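In the two assemblies presented below, subunit A is common to both, partnered first by subunit B and then by subunit C.
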Partner chain A sequence: MSTQRHDTRLDRFVDSYADRTNGMRASAVRALFAVANRPEIVSLAGGMPNIKDLALDVIADNMARLIRDHGAQIMQYGSGQGELRIREKILDVMALEGITAHPDDIVITAGSQQGLDLVTRVFCDPGDVILAESPSYVGALGTFLSYQTEVVHVASDDEGIDPAALRDTIVRLKSEGKRVKFLYTIPNFSNPSGLTQSQARRREVVDVCNAGDVMVVEDNPYGLLTLEGEPQPAMRATDPDVIYLGSFSKIFAPGFRVGWVLAPHGVREKLVLAQESATLCPPVFSQFAIADYLEHYDWRGQIVTYRHMYRGRRDAMLEELSERMPHGVSWTHPAGGFFVWLTLPDGLDAQAMLPRGVNARVAYVPGAAFYADGQGSNNIRLSFCFPPADRIREGVQRLASVIEGELEVQEIFGTRTTRPSRLHGPSVSPDLAS
Partner chain B sequence: MTVIVIAGGLSHERDVSLRSGRRVATALREAGREVIETDINPQLLPLFAEHPDAVAVPMLHGGLGEDGALREVLEIMGVPFVGSSGAASRMTFDKSIAHARVSAAGIATPQQVALPQDIFRELGAQTIMRGISQRYGFPLMVKPARSGSALGVSKVERAEDLPSALVGAYAYGEVAVIEEFIAGTEVSVTVLDEGDGPVALPPVEIRPASGIYDYESRYTAGATRFVTPAELPDEVLARAGEVAVAAHEALGQRHLSRADMIVRADGTPVFFEGNVAPGMTETSLSPLAFEAGGRTMGEVFSRLVDLAR
Partner chain C sequence: MSTQRHDTRLDRFVDSYADRTNGMRASAVRALFAVANRPEIVSLAGGMPNIKDLALDVIADNMARLIRDHGAQIMQYGSGQGELRIREKILDVMALEGITAHPDDIVITAGSQQGLDLVTRVFCDPGDVILAESPSYVGALGTFLSYQTEVVHVASDDEGIDPAALRDTIVRLKSEGKRVKFLYTIPNFSNPSGLTQSQARRREVVDVCNAGDVMVVEDNPYGLLTLEGEPQPAMRATDPDVIYLGSFSKIFAPGFRVGWVLAPHGVREKLVLAQESATLCPPVFSQFAIADYLEHYDWRGQIVTYRHMYRGRRDAMLEELSERMPHGVSWTHPAGGFFVWLTLPDGLDAQAMLPRGVNARVAYVPGAAFYADGQGSNNIRLSFCFPPADRIREGVQRLASVIEGELEVQEIFGTRTTRPSRLHGPSVSPDLAS
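So, the complex of A and B:
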């Protein structure tokens, strides 16, 4: 008599998924981050802005007034391009970085992350190449890979993308018959490096891309959060063909999920159609809430408050790193934004070290997440945006002990050799990535 | 009576624990139980004081939840709970101790050595690693002694990969176990004791598409095929069940456990790991075994809650 057997893969649709989902899998690194939200852990991993200091009572009153006076409109479907009222106010925000534009050229998105998705959707076919800084934003890499594009990192230094390397890369890829669609860059206080492209470099980078017939996509969520001096003119300020992604997530609050794309007319038309097919319209309620905030609240003053607060946290992190880190560890000195990029001595693998970090009650994001090609195994992204200064200091102290412990183990086993990591972009959850 | 499902914790398996806890809590509610879900935190013991009739269901994986510490405290506080005692959990959770106990009970186990990190520093890593290579050959398995969900586990194919495998295991804890690799069919047997003695549920055969039942294969739906009962001769299935029950008893386990083993080509089951808090997620093995045994998760846990009371 034969035994009745049940054979299952626990997902009856497992053979039906599109190829683009191949990278969407469970990962041990992602699981380790589940511990990061416990209060015992100092999380230097998440890129969440600190919004606790917003005047929540004032915002609550404004929201109540909005619903009372305009509820029927703001809870209704809206324009696929986004509401004119907020698009007009966005011009004021972008003017702080030297951008002049027309509200008709703005498309509202559900955070700039959706802007990235729409831009990739309208431009990229499977196999197309997207150029990115070394390292680059993990959330963007995840989007690019989900459209089955090939991400090629361009050598970058303390001033940003190396224009000569960019030129050589474009020439090489084209000679290989590849279609290079755009350069993705975060010129201000980059996520994850914290570094800023010099103005001279920006001009050169745009010129090289224009000469190579490669678009530039400028992602600028942190530009107004300068911690030293005034905001720099955006790349889009000098070239109207640059596709610009903006966001209220860092200068106001991310929960509203409102960002925007500023694009040349033809591109904007396509983006609106893509937005309509994706969501019909971006969230109307959130758009009105933010427009109201921009009209009735001292948002410029709030940005200054944020700068002061983040400067204190950055300084705490940099001071503690200087005092605590073992010999051989180096890091960037960001002039704004949220992140410090740490480089460990050769051979240390930040991903393999992460469980040791969790044991020591400190979390960080391993650097390999910010590369599509396995680089970054001895890098770490540290965030100074969310924990207060005393917790940041505590976290850096713990991390220093973790690195010392790992150095000792490496010394014992003689494993100080650099090896590529298996981790790549889509493995890190969005709250840690942003 | 209130059932308090404890999930989360500070271990590396927090995410898995939260998912297991949620599923068990839902199943118990569907079975008509009043359930409170909680993390392990300073509010936990006051919660039991507020609910003196409560029964605890620890669904913590790894760390304090599975190493027996929480269960010892529950015993001290007089809180009834589902599952093995603190002492049995401590024995089971540490692979080196479980290995010795199960082996002493006459159950086949892989050759194993458990070594703390310090011994490599004191005696010289190269010499010890050379000895390991000669003793066990390749491939061999390297695992943290106290961890689950295959976190930190490596199958080492070549001598040059042994150091990085050890570094990976020591990132999870101070002691690693090194085992000979056993080739064969990987099966998992859930043991249930509902008051009439431990009974093995049908063995579940594990066939990961990648060939390795690692974290990704465990928790990505569709990445692994599960065949229940395992595609093995009936007498081998029976032997696997006997081994699981014998291990359950050797480790002093109670109510519910899971034994992971490899069945060699000659039909011998080789025990390599026990679990006092088997995963109950959407992709876990014990829920498949319940189903194959004609039981629902709600029925099983509801019965165990009554037994624990």
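So, the complex of A and C:
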């Protein structure tokens, strides 16, 4: 019977989807990656960490020992909250950023992205408002919107979120009868801006949120990957009501899909219920693999190695940008993390330019992906994490040529560039890998 | 500032939670496990598979080789849909139940539980109706309710769902203006009943659903663990519009948290978007570990080994039940899977009896956990999967004594047993491990 239906209708279920499904943004990350992964293209788009220099022999031996000695435990169902063994070790990681906590207050998640999902699930009804930096992480925006929330960007400058604008925004939204649930922020080496909030600014931001009864959700995947000086104290280090999201994806490796949420006790209980409902328990095998890594591998030394490696790549990118970019292009100077945020001269459209970039064998993420409200059309996120330094330089050179070409077109025709008719893909192309 | 708040209020965030959070059921699995895991207690409660006889040396060696040769790939971010390598191998698994499909139609999930979560997320708005067997899997009910849906149980007999009752229920609900989204069913060796739907019944059920424009979601974690004869064709084998949930938790091991959804193309696309929003990508390391297991280990032979082992345990449980249980107690005779479903004589309350069971050093799951509507008060789910046969026999003996004691009390006082005042925990205690 269904065969007939198949013939007459592409998706039989098209009328059955939930309202939230219509709000899910079709990320073109797959289309972009399909193109950007071609070897001739330098991808400055992806946020994938460079993990190829990990000591795989040591990790392999440790993993084999772990399976031989504890296989029946690490391949079994586990705790909905996550294994105590890894929660205890996570305290050591967070201590590097001044956080003191109890393992009971940690919930393990299937990557930090699931932390975002569970926090939104627990707090947000449709129509609730989430505040975010300008710009903010594309993967978080997608999750927030999938819960039918309204994302409102708060004006930010080089030191982070503007406290006065934050206060005004909260007051305005409340006067409109809206429920403002939390501020989502990446205070260290933000994705995509690369900027870091000063300690004074963090304090002000937390104070404004507390005064307005708005929670603070601090997402901190890059905090330990500082390229200048020591890691800064987290926002959570000074206020135990801050909900903190951590990740092993950048300080070790992302494929295990292990992140965590540190939350006040009552919130933690709700998150565990949500986790049980979502997955029964987060990946057990992965949790033991990472706990073992933290116990038997010089993970602090590995972070130092990562810093050194990423510093070289960042320096290559910043040098090449200042040598090659035409007048009128500006960019951030990140003190850590993975990203540089470019601002093109007025009138250039980063998304319309992308197909020409790919034609010139360089890929990036257009800035509009990092806003829920249409800003960012003349911004670009560049990643210095994955390609080696010489490829980064090549990529920046190619990008500079493309921008120069756009500027020439603009000068001749005195108009905004439009999309070429022949090249449609890749489209919006936010890079999901945080 | 928050310190002051902490002093005066247990959960500062109590007014901030989403409506759905209030609908999250506090499963007492943790409380139960804390008690039931004591070595002196025979737990017939948990649905944990017995994996201790896996060839850990072989798995350890394979895993070490995989990390040495492909570490930088298997520890990296992966596809939101899941890795092609495992999706291709899953076709071999499903072929054992008569399913032909394309790897493009599979989405990998963080355990089959996440498949339930994503399917519900994609299809259900608050107030939508999900139909389920009587009784049905507690973990699914929890997820459905967390999406603020209404679960309606359809009358079922020893052959499965009653097609006439199904038709009547759909007609009645639609006449009430309700949106009935899908039927959730475990056709093979159901959790908790242990019953299997006949092939004729499956066909009727699918036909009734198709006629009523209600999707069928077939959850099949136990189908290959048949203890009598060969595996049956899945519902999906005869109708490609059935949404099929598969799992490695019972045919290999649950700790990897790898399951999958096989869905029609349009639905699959929505599920991938939902997966990216929920986790970016399902556990990559786990997926490669399982793909490697399917390529380098005699996984079909392992399933035969599992069948032999579980058959011995089921036989021990059924024998002991028929020798020990007092008159008036009845139970199912599963041809596969992990579970036997007991019905106590009228007037006995399985949940009220549980503390006396634990006092007698036996644990089980009260039947009410497997209904969303208060049925099941005189039912019990017994698992024969985890303890060895002699412990199962001991557990059944203890349980028989407890039931005899209840019946004596009932005979003397002619009244329903009430809960003892001294022993409160464990409470409802559904066992989340499916």
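Keep this in mind: the second predicted complex is superposed on the first by the 397 of 434 C-alpha atoms of A that agree within 3 Å, B and C clash if a C-alpha of one lies under 4 Å from a C-alpha of the other, contacts with A are read in each partner's own complex, and residues count from 1 in each chain.
The rule is short, and it goes like this: a residue touches a chain if its C-beta (ideal position, glycine included) is under 8 Å from a C-beta of that chain, and two chains touch if they have at least 3 such contacts.
Keep in mind that what you see is a predicted model, and the values were worked out from it rather than measured.
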| item | value |
| --- | --- |
| Which of subunit B and subunit C A:412 touches, first, second, both or neither | first |
| First, second, both or neither for A:318, with subunit B first and subunit C second | neither |
| Subunit A: partner with more touched residues, subunit B or subunit C | C |
| Contacts of A:10 with subunit B and subunit C, given as first, second, both or neither | both |
| Which of subunit B and subunit C A:195 touches, first, second, both or neither | neither |
| First, second, both or neither for A:356, with subunit B first and subunit C second | first |
| Which of subunit B and subunit C A:35 touches, first, second, both or neither | first |
| Common interface residues of subunit A - those touching subunit B in one complex and subunit C in the other | 5-6, 10-11, 13-14, 17, 25-27, 30 |
| Residue ranges of subunit C in contact with subunit A within the complex | 1-2, 5-6, 10-14, 16-21, 24-27, 29-30, 48-49, 51-52, 54, 56-57, 59-61, 63-65, 67-68, 71-72, 74-80, 110-111, 113-114, 117, 121-125, 128, 139, 142-143, 146, 181, 207, 210, 215, 239-241, 249, 253-257, 264-267, 270, 273-274, 276-286, 289, 432-434 |
| Interfacial residue positions of subunit A with respect to subunit B in the complex | 3, 5-11, 13-14, 17, 25-28, 30-32, 34-35, 38, 40-41, 352-356, 358-359, 406, 408-410, 412-415, 419 |
| Residue ranges of subunit B touching subunit A (in the complex, touch as defined) | 8, 10-16, 18, 117, 120-121, 125-126, 129, 149, 151-152, 163-164, 166-168, 170-173, 214-216, 218-229, 231, 234, 237, 282-283, 288, 291-292 |
